[in-house]
Structures are given as structure tokens and as C-alpha cells.
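Multiple structures are listed underneath, in C-alpha cells.
Two complexes come next, and they have one chain in common, subunit A, joined by subunit B in the first and subunit C in the second.
Then we have the complex of A and B:
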């Protein structure tokens, strides 16, 4: 075989093992799942029965709406807080900012299960905060646990550090001289934010938002441990359906979840691929 | 003579008794400096000598611990950058990458609420001055480094500053463009008769550009003077070593003798005061660089092309020092 042909084939050969594993553990299950989702549990054969179940059953619709609501609130709060935090960390030189800069990733290193249980012991109706309040004669019933508020609180714990990290990278790409030059020509803080910082970082807001959206739409640990019995987030719904031998329905829910994720993935790809005029050379 | 004119001419910028120390001990102390109207003054020194610190205190990007900075006779040391009549050009990444060249130039004027028509007219005129007509719609990344710095200078000049501050603006450019930009800056400065404070670590750049040079070392001013004055009478050993090439030889009582390579004259006197052996001969165009070994010391001499023709490696030659400086143990000039 001549060298040129060898060079052409070699990369594919080297990719083969990875492709084979992908095919077995990712691609085959996806198609199998899609096939299962169309396998009708009651009428038998193939059909849309499982999907219609989710679109017709008011309880299931509530579950999907509940999931989307929690995820959207999480996205807005986590990305908003993280954006402000990343600006603070980038442009403040104070001791507080340096300490936050060192500590803010810590939640990422605490296993999810531990963090959720830790939070529960603090915020539950007989938790640490309740007991402290009782020392002073009050009796705080926060009502955060087994409720959407608790799940959102926990989601913020996990997602603010992550989003801050992503947007912090964008902030550090802004040069000091770009800010100083703006001050030099007479721009105040607000104008610097609107005209310099935001245009240079808005894309990373969207990118962080898609990441936070995708990782939360399918979340399980937090809603399982902290959520109530009804409504439930989609991850928990799926778990329950599967446990009750509704394989077709849980497969259909997986596909629905996948479609929702894909929508945000499309936004991610669009924002990422979209080059502003100034980035084209 | 320079001091005389300093007193007579119109002082645009005065720094008096200014000190700024960072928490790590770096900074500048007891800086006194007058910059006259229409003058280019260069702050020259190695990195960490405090030259950028002085420039940034003038621009308002860092505060001072004590002392005063007066521009047009008014104290500015407590004003933020946006309130000072200065404009700064930074080393690089000067322009806002997401704005067109026009928008970059218009930004400051819009803040000042200059009418739209006037903005366009002033930008037009300024682009003409820096030879960048027709680039209005481009983005900074579509320009070369030199072009970007021209725009940055234009942006600073559009603010009509009392003092233009340049912080090593050409050091990221390659040598040829750098030399070109120096000439451009000089031309623009003479056209507008603007007062300029320029920071550089490149002594050649300082010599080429400046009306006066401020040589700095470890946070203090070593010498202030015109390029020729600094070159011909370096007041300290540090200045002698930093500006131009210099040979140093030990003298009597811990003193040091300094001789410029062009002041080392080779001849064939019969009873030489000093003699040396030629070790290297490097023809460099209009002059030749000759490496000499004198006892345990090495010297460089610049010999005119015509005189160098007869020289051979390992020849013994007699030396005379046409001009020399003697520095005492503290580095001060003795004679």
C-alpha cells in the first residue's frame, strides 16, 4: 500500500475503537429507546399512544410544566447571579473578592448527594434554621423542602459556581486597557457596562444558560430527595414510570426530554457559531 | 541652558514631590518634573523602574500617596481619569474590538455630546491626519498592529487633551513599523503642537523622539535632559550604562572610568599610554566594531570604516581615550 493511501485510512482505523464503543453504549440505546417509545403498551404494535399519554394526561402535563418552570427560574437566577458575581470577581481587587474567587468553586467539589442532604438538614421544617429560631422563641417553618423553592435553591448551589466559571473566562478576556481607555474618553461605570462589557460577554450568558438548562432539565438527585409527591420533575416521573413497568411511557418521556434539550442545544450551536461582524476577518 | 528655557517656557504639566508606593514596595518617590507646552518628554528606564507608574498617575489610573500633579496650573491628582484633560494610548489592545473604527473614534465624542455632524467631520479630519482614511467601517482585528495604534492615537487626539500620554505604544510592533510610527508620531505632534509624555524602555526610541528624556532607575529620576545632553554628560554611572554603549574600566580608589566606544581611538604611537590587542573585528557598514583586550579587560571601539582597513586580529594597538568619565563609588560623576 502506498504511503498516501495509508495516511488516508489510518485516521479512520484509529477512530474505530471509539466509534464501536459509541455505537454500542450510545447510538444503539438511543434507537432502542426511540423504538420502545413507539411500542404501545395497551393497543399493542407501534403507535403514538405513549406520547399522547403525556399530552393528554393533565397530571403529566403539570409535571412537564413544573419541570420547565423550575428549570427556567433556575436558569434566570443562576445565570443572573453568576454574571454579576463574575463581573465583581473580575473588576474588584478587594480582599472579599479575592476570597470569593478562591472559594466559589468549592460547591462543585462536594458530591451532589452529600450537598442535598446537608441542605435538607439545614432548611427542613425541623432543621438547623428552625432549631436556631426556636432558641429565640420563634418557630420558622421555611416550607422549602418538598417544594419547588427547595429544588431551585439546591440548583442554585450547583449551578452558580459553574456559570460563574464559564462567564469568568469571558470576563478575563476583557483587557484592562479596554476598560481604562473607555474611562479615559469619559465613560462612567454604567456606560462601560452597557457599551463595553455586555457586548463582549453577552454570548457567554447564552452559552451558560444552555448548559444550565440542559443539566437541570434531566436532573434527578435533587428533585428525588427534595421534591414532593406531586407534581414531580421529569427525571423523577420517569423513574416512577419505569419502576411501574411502563417502559414505553418512560421511553417516550426520555424522547420528550431529549427534544427539550435539543432545543437548547440548537440555541447553543446558533450562538456559538454566530460570529459578530467584528470577529470576521 | 535647558534649565533656563524650562523656567521661561509655559509649563503644561507639573509634577511636584510626588510619591506612589505599592504594597509590595515598588513605585516612585519624590518625583519632580515639569513638562512644557508642545514638548515631547520621554520617561525612559528598564521595566519596574516606575516610568509607567508616573504616566498612570498623570492619567488618573492610579492615585498618589503624596505630592501634586498640575495640568494647566490646576491640581488633578484627585480626579478620576474621565475628568482629567489627558488622553492615554496603551501598549496594545487599545481599541474596543466590537466597535468599528468610526465607533471607536466617536465613543468619547458622543459622551461629550458633540453633535453628530461635527463628530463625523472631526473624525474625518483626524483619520486624514493619521493617514487612515477609508478605514471607518472596519473592525480593529481587520487592521495591522501599526494601523491599530494610529487609530488609538487618533482616538486620544480627538479628545483634544492638554497632555497626550503614551505607554510604550509601539513596543508590540516589529522594528520597521516601530521606526515608521516614531516618525509619524513626531510629525503629528509637530502638526498639532501637542504636549506629549511618552514611556519607553527603548533608549533608541527615546533618543529619536524626545525633546527631553527622563532617565529613571528604581523609582527615582536619575537625570533629566535633552538626548544629546544625556548621551554626552551622563550624570551617573547608571545613566552612562543605560544610554548608548559604554566601556567601564576600574580607576583609582574604587572609581570607575567610562569611555564611549567611539571615544576609544586606535593609533600607532611609539610610546603609547595604553596598549591593547585586537581580538575581534566586526564591519558594521559605515563603522567597524573592534573588540580589544587590554590586560584583563575587554573594550569595544567604534572605528570609522576607512581607519579600520589596516587593522588585523592579534595586532597590538595603542589607545587614547578621546573623552572619558570618572564615576565615584556611589555612581556619581567625578569629572
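Then we have the complex of A and C:
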């Protein structure tokens, strides 16, 4: 066999094992899930019954709306706070900022279940904060547990470090020389932000938003342990449906989740492909 | 000492030879009338219990040698009953399914699918410990020998509730008189909440309904659901909303932190957590009238096994005070023999409990239907 043909086949051969595993553990389950989602429980055969169930049932519509509301609030708060934090870490050189720079990734290394249970022992109605308040004669009932507010708080704990990490990378790509040049010609702080920092980093805002959106729309542990009974986030709804042996409906819900994630992925691709005026030559 | 690749290989090879040899011996002696196999499933504490009991049994006599096959729940536990029924229906005989652990609800399932011939009749007259047995199972008499009970009881804080309710009517009145101090977990997330919901509904129905999977009973649930709805506003609240915690442990956590005064709970969970010190001493248990649901768990010897004598000897042993002590200590199982025969130190944890009966529920798929209706009608009340 001549060298040239060998060179052509070799990369594919090397990709084969990875592709084979992908096909078995990712691609096949996706198709099987889609097939299940069209398998009707009541009428039998194939059809849209399971999807109509989610569109027609006010309870399920509330669940989907509740999920989207929590996820959107999480995205806005997490990305907003993380953006400010990453600017601070990039441009401040104080001791505090160096410490935060070292510590902010710590939450990423704590297993999710441990973090959620830790948070519960602090914020629950008889948790640490409540017990401290009772020392001073008060009785704070934070009302965070079994409520959307608690879920959002927990989501921020998980997602701020992650988004800061993504946007921190973009911040560190900004050259000091660009900022100094702007200062030399008399630009104020606000002007530097609008004309230099934001244009160089807005793409990463959208990218972090996409990732935060996708990882939260399917979350389970946090809403299961910290959420109320109704409405429930989609991950918990799916768990309940599956537990009650509604395999078709839970498959349809995963497809709906998949479509929502795909929509945010479209935004990710669009922002990535877009070329700004100054990038064209 | 340096660990070399050779040494590692040597150890591995040695281990392989050993395991091969052991498996040889066990197959060679499978049908010698001495060895028999016990099949059980469940969580780890059940396994710990059996390991102790099997080794004690094997040391206590020379006639039989028991071996344990344990299937940890969540790893194919369903397949024990499926395997067993499949083996029976495909006409296999002389298998090593000599003795199986089952609850009375599971016994209903076995007997429905395979008939009375599936299990060997036990010669109770020749069992020296049989007279100790205080409870008679409602199913499989003469073939099913219970060795422990498990039941949902009312757990309460004796400091804030010195006189706990003893009937369901008193309980409902207490709940209404003390808003926010009672909770039960969502019925689909654990047996304690499910038992509360099921008995609240089935207390309005004839007792036979609780052992029937017939769809017709679902038409008579309305009265029970009305009751649950009327209790709803008086349940535990957080952030101004009524909340039903997830999981059996969810309500127990509220009870342990004194956020509530009462909840339905599995007796063994409360007792073992008290033994570990995570549940305050002031938490007590009481059985109501009519009772929450529970089960007798025991043994039966499938007729397709090959050593029913050994199986019977083990059933006998399980009713001995020694075996009952192990069950009580390792998993806070409720003993089925008289407390006076047991280790006084262990009995302290349960002596106030006087369980007159284990009210078994076997309503099949109707249980799921109840949970769904609860999710739809009660959880959404807000």
C-alpha cells in the first residue's frame, strides 16, 4: 500500500473507536428516545399524543414555564455577576482580587450533591442562619427552601465560577497596550468599557449564557432536593413521569428539553460565526 | 520492600487459582443434601444482617451449610422474582433456589403467578422455635414463615406532644388543631408518605380492597382524596406555602430539627437513627387504629429447589432469639417473637412498641394511580 493512501485512511481508523462508542452510547439512545416519544400510550401506535399532552395540560405548561423562568433568571444573574467579577479580577491588582482569583473556582471542585445538602443545612427554616438569628432573639424564616428562590441561589453558586472562568479567559486576551493607548488619547473608564472591553468580550457573554442555559434547563439534583411540590422543574417532572411508567411522555419531555437547548445552541453558533466590521479586511 | 510487576502478577494468579478452586467445590457439593442457597435482596443493612446470621447458623450445627446469594436493590433486584418465576414456568427442577426471602405482598405476587404448588409446605411441628412466632401471615399459611416486621408508624416528639393521637380520627383533629406541625412526604418518593395517603383513602373502603388490584376500587377513592384536601392547609409550610418533602428522610429531617411535631415514618428508620444518635431521644413511635400499612417479611422454600430440609432448618433458626437479636441490632427490624426472649439491652429501643398487626397492602398498579392522582389534585393545591 502506498504511503499516500495509508495517510488518508489512518485518521479515520483512529477515529473509529471514539465514533463507535459515540454511536452506541449517544446516537443510538437519542434515536431510541425520539422513537419512544412518538409511541402513544393510550391510542397505541405512533403519533403526537405525548407532545399534545404537554401542550394541552395546564399543569405541564406551568411546569415548563416555571423551568424557563428559573433558568432565565439564573442566566441573567450568573452571567451578569460573573462578567463584573471577571472585569474586577482582570483590572484590579489588589490583594483581595488575587485571593478571589485563587478561590473562585473552588465550588467547581465540590460534588453537586454535597453542595446542595450543605446549602440546605445553612438556609433551611431550621438551618444555620435561623439558629444564629435565634441566638439574638430573632427567628428568621428565610423561606428559601422548597422555593424557586432557593433553586436560583444554588444555581448561582454552581454557575458564577463557571461563567467567570469562561469570561476571564476573554478578559485576559485584552492587551494592556490597547487600554493604555486609549487612556493616552484621553478616554475615560466608561468609554474604555464601551469601546474596547465590551466589543472584545460580548461574544463570550453569549457563549457563557448558552452554557449556563443548557446545563440548568435539565438540572435535577437541586430542584429535586430544594424545590417545592408544584410547579416542578422539567428534570423533576421527567423523573416523576418515568417513575410512574409513562415512558412515552418522559421521552417526549426530553425531546422538548433537547429542542430548547438546541435553540440556545443556535444562538451560540450565530454569535460565533458573526464577523464584526473591524474583523473583516 | 519493592513491589514489582512480578509480585503483582503472582498475587493475581494466586487469587485466580483460589477463586476457581472455590467455585469448583461449590458446584461439586451443590446437591449433597448438606449445602443450600438462600436468595435475598434489599439494601446493604439487609445484607449485613444475613451475613451474620448465615455464619452463625453454619457454626451452630454440622448438618447443613447455608450460602447467601444477595442481590442489592437497584442492581436488578426485580430479576430475583422474574428469574424464579421464569425458572418455574420453564419447568426447571432441582435448582439452587432453595430458600427465598419475600414480604407478604411479594408472596401474593408469587402465588398469583405460579399457584400454591410453587412453595413447599413447611413441617412447622418439627421446628423447635416455631412456637415463638407471634404473628400469622395473611397469605401462604404453612409455607411462608415470617422472621421480621416492617411498618409505617406515627413518629412524634414526646416533648411537645405528651399525649399522641391513637386513632386516625384523633390524628386528623390534631393536625387541624396544630397547623404547620405535621408533614408527610410525597407518596411517589417514599413508602411512609405513600402509606399515609393509601390508608387515608382505604380506611373508607372495605378491608378486602387493600389486598386487591381490581380497577373497580379506584371509583371509591373520592372520599379519601376529599379528606387529604381538607388536611392540606394544615400541613407544614415554608415561605408561606404548604410543602410536602421528598423522600422518607425529608420528613424525618424536619422532625429531627423540631420543625414539625409529627409525621408518618418507617419504624426501622426512626429506631436505627435513634441508635446512631441522629434522631433526638424525644422522638417516639406509636401505632394508630386503624394502622398504617406494613409488611411481614419472611422465607419460603420454592418447590424447584433441591434442599428443602436445609431451607426449613434455616427458617427455624431465623425464629431463634439469637437470629432475632441480629436482625434487631443490624437493621432495627421489628422482632416476630416475644420481646422477653431477646437481648434486654437491644429491646430498650423498641420496648414501647406494641405492634398488634402488620397491615399489608398489595394493590398493585393502583398504587401508582393513587400517586398520580395525588400529584395532580393535592400537590397543586398551593
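Throughout what follows, the second predicted complex is superposed on the first by the 279 of 281 C-alpha atoms of A that agree within 3 Å, B and C clash if a C-alpha of one lies under 4 Å from a C-alpha of the other, contacts with A are read in each partner's own complex, and residues count from 1 in each chain.
To be clear about the criterion, a contact is a pair of C-beta atoms (placed from the backbone, for glycine too) under 8 Å apart; a residue touches a chain by one contact, two chains touch by 3 or more.
Treat the numbers as computed from the prediction; the structure is a model and nothing was measured.
Per the definitions stated earlier, placing subunit B and subunit C onto a shared subunit A by superposition produces no clash, and the two fit side by side.
When the shared chain is aligned, subunit B comes close enough to touch A:185, but subunit C does not. Annotation: apex subunit A, arms to subunit B and subunit C, angle 140° (C-alpha centres, rounded to a multiple of 10). In the superposition on chain A, A:139 makes contact with neither subunit B nor subunit C. In the superposed model, A:177 lies in contact with subunit B only, and not with subunit C. Using the contact criterion defined above for the overlaid structures, shared-chain residue A:41 touches neither subunit B nor subunit C, since it reaches no partner. Once the two complexes are laid over each other on the shared chain, residue contacts for A:196 go to subunit B alone; subunit C is not touched. Shared-chain residue A:229: touches subunit C; no touch with subunit B.
By the touch criterion defined above, A:125 reaches subunit C but does not reach subunit B. Once both structures are overlaid on their shared chain A, subunit B and subunit C have a minimum Cα-Cα separation of 47 Å. By the touch criterion stated above, subunit A contacts subunit C in their complex at residues 59, 124-126, 141, 143-147, 149, 224-225, 228-230, 240, 243-245.
Only residues 186, 188, 238-241, 243-246, 254, 257-259, 368, 371-372, 375-376, 379-380, 382 of subunit C touch subunit A when the two sit together in their complex.
Residues 175, 177-178, 180-188, 191, 195-196, 199-200, 276-281 of subunit A are the ones that touch subunit B when the two sit in their complex.
Within the complex formed with subunit A, the residues of subunit B that make contact are 59, 61, 80-82, 86-88, 90-100, 107-108, 111-112, 139-142, 152, 155-156, 159.
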